[in-house]
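Right after this note come the structures.
What follows is a pair of complexes built around subunit A, which joins subunit B in one and subunit C in the other.
Let's look at the complex of A and B:
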């Protein structure tokens, strides 16, 4: 009897922090979903309708923006991983100078996204230092358009630069859990560098790799600030499109549809991750 | 003589020379990574510092590799003719309130998550991460609808609540790990000696989570300073913070030199805090607080 009372107290103690988050995040998700169906509309009348959903799926700019954001999410997550994984492997073992290196690498983590965007814009702009250096080395003849380019490479570059330390932290902790015995045993049995990399490190660090890729995807997919500063003029990112629909055109219900699409994609990706993690670790 | 030299050479066993080669290779690799990293992180920052120091009367344009003349002119201009001072005040007033509120809210929650085995703990730990996982713009736009309905949009309290929301996950997580790290023996010993709940909180929990608390506060503080999405939707145009000012400098009126100054104003305190926290977390705080007992 007493035990039960104590556990009720525990849930009450959870309430301030968890309750606050549930209240605010929950209410915003609730409003997003209901408004996408025309309910709880603050402007205009409220009634259940599918019109907004139809309108979004017939709107070319919205569809383009969804595809663009998916592309940015995928490329940013892969790009960050490709840069961060070798560094994480290198930092796994301590050594002279590595502490210094580790704290150098962490710097972008504490640089706000907008500032990071600006720092990289400076480098990759039309007459920026990257273009000038490439021309000086006779690799290219004319400056490349990397900023506000049609494809979105500028956005990917900023995402990668800003998020390497974040991914590195996740990867390092999952690489740290790999025991040296396993690696030594593999080497003892004649495994070369590549075999150790692809049959020990990568599979054992897979949960960390997946988590970091998912989080990166969600970040880049729902990004507003970086794309609106460094992205192409068309298409906008889905978050930018949503914000414009809501505040410029005052079509909140249609913006809500885009919001639901963002949330659903995020959920779907997270679900996919949990399935993949089960598959990789082989446990249910 | 030549034969002797060869014999000497052969005396160095193969494994020693291999180990030597390996070590020098490792040092080479570390140096390479450090140089790369200095360019990778340092160059963008260095360029921004340069841009912020370009003299207003001697513009730095394409053929010149370095600016003709350096001066503090841009800094003076930004402080004189833009809203930066007001934005700084707003940013640095909201942040302490948000940190305090998130501390008060997360202390009991982190205690339960860190020390108690309750059903559904994993679920609550995931819920706590929602503000980080949820796409910022969706939360910002539709939370602003809720805030408008309750009269909180375009208000100081609304902004403090929004910033608290974004800082809570970090605060709760850091505090949870600090609570987890307290050895049960100490609590048992205190209980054995007749400590009541109040004494336990005052003499065990608070002192032992203090380093974690400091780290959590720094995280919540920097999150608040750099928060953009919610501030932009809920606060503009009534409130301007440093990120929203920077956004306007990067958007329709792109002035690189002014943006450089604002970027540095925003970035420098953050980097200083990063190293401050690192130093705190480096010292083994658990043994330190144990020594005081």
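Let's look at the complex of A and C:
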């Protein structure tokens, strides 16, 4: 009898968290999906239709937005990993300046994305510090367009800078769980630096790498703030395009389509990264 | 196979010498154990041989090759770790084949060698299992297979049995010894377990506080400890000091707080009046029988039944001694009894 009471109380612990997700997030996902098919419409007649989806896939700006955000998501997640992994490896082993570096690298954690974007603008704008320095050093004659550039490198740079500490936290705990003995055993059996890196560190840190890549992708793919400040004039990111569609053009149902596309793309990339991780580590 | 020579090896951490000027010569195919309490420098010595630590002073030679600046990956040693250190993301087969892949051994030979190692370690049929699916004993055998499959010049063991239960420990140590004899690989074995060291080694190096106390075969280390540390660390010992009061031929008489004892002096050169330090084992202190030498009387403080013997803690006029009695004896705390100490059992210490 007593056990049963404890077990009911036990499940009540789930209520705030899971209840919130189911009630607000679950229902809004449901509404978004149904709205994309014309149901529960808040701007017109509610009836099932594929018109919104057709319209989005025939709209060049929406398609460009999707591709642009996809590009930003992939490049930012890969870029952050490439920058953060070596630092995480250094911090695992330690060395002179480890504590200083660990604190330094956490600074971006305390700076909101929008503020970060403005800070980086000072560096990479047309007449920013980097361009002026390169000209002063006679490395370039004319300033480089790094901000609001057509490709979006400015956005990638800010995303990477902003998210390194975040990814570093995940990677560090992943690498910390690798025993020194395991690494020593590999070295003892003939593994050089690269073999240790790609056969021991990378596969054993793969869960952390995977989580960082997925979270980074989700952040950069759905980004609004950084692209609106540092992104190209065209195309807008998918989140910007969604905002414009909903609030400027009052086409909520089409905005819902873009919302569903963000969700589906995120799910697809998560699946893709997991497959990739299995391929790299050679295990399921 | 390699001969291993350590010349005046020193390794410091934060200016404290973990290994302090030790020299050792290990013959090809020999099984040598580094034995000592934790912090004595045995594991540091082993890891320096493997190349994980760079010595601060001294030289490491494999045959006629100086190894000081050779990275671990190029030393052709194979180490068995206390934690087994199996690669958790690889199955048994890939774990064992790892060293062969690193050495770029052709596929066909890899297969043959791994299969042989699996068979030798009774692991056939477990190739596809992950380390987490194996028992401690099985993991240890995979670690051994992974070490021997590369045909190393020197096998290094870092307390490989300390995570196994007592029975399995005895079984695996016999397996290790048999395997080493069959393959003839020079082996350095680190342990703090004296029984393990006595059972498995050709020679034992007893270490303490970074230096070597004594090197010898198991029998001589046990029967003829050179220092009070060795006497106290290997097996149980009564360690005492007293003044020589008489000497006749090869016997000396020693004055102790509880009386005088006669001891065979062997090649000990102390003269009358000198203070000497010596040890004798509890099994050399037995119940007095008419005509036995060195009769003493003691009060029994504790009598602990050990199965094959009774372990006695005695108070002999204020001096604490350990003694043994046959397991059928009946002793209680507080009893007094007479004992005799074997004259030939005395080991004079440095």
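A few notes on this one:
Definition applied: the second predicted complex is superposed on the first by the 262 of 284 C-alpha atoms of A that agree within 3 Å, B and C clash if a C-alpha of one lies under 4 Å from a C-alpha of the other, contacts with A are read in each partner's own complex, and residues count from 1 in each chain.
FYI, contacts are C-beta pairs under 8 Å (C-beta built on N, C-alpha and C of every residue); 3 or more make two chains touch, one makes a residue touch a chain.
Bear in mind that the values here come from a model prediction, so they are computed numbers and not experimental data.
By the touch criterion stated above, A:13 is placed in contact with subunit B alone, subunit C being left untouched.
Of the two partner chains, neither subunit B nor subunit C is touched by A:273. In the superposed model, A:204 makes contact with subunit C only, not with subunit B.
Comparing subunit B with subunit C, more residues of subunit A are touched by B. In the overlay built on the shared chain, the residue A:85 is in contact with neither subunit B nor subunit C.
Interface residues of subunit A facing subunit B in the complex, by the touch rule stated above, are 7, 10-11, 13-18, 20-22, 24-25, 27-29, 31-32, 35, 42, 87, 90, 95-98, 100-101, 103-115, 117-123, 127, 129, 132, 161, 215, 218, 221-222, 224-225, 228-229, 239, 242-243, 246-247, 252, 255-256, 259, 262-263, 266, 270. Considering their complex, residues 26-27, 29-31, 33-34, 37-38, 40-41, 43-45, 47-48, 51, 62, 65, 104-113, 116, 118, 124, 127-128, 130-131, 133-139, 141-143, 145-146, 148-149, 161-162, 164-165, 168-169, 172, 222, 225-226, 228-229, 233, 243, 246-247, 250-251, 256, 259-260, 263, 266-267, 270-271, 273-275, 278 of subunit B touch subunit A. Those residues of subunit C that touch subunit A in the shared complex are 50-52, 71-75, 77-79, 81-83, 85-89, 98-99, 102-103, 146, 150, 156.
By the touch criterion stated above, subunit A contacts subunit C in their complex at residues 179, 181-182, 184-192, 195, 199-200, 203-204, 281, 283.
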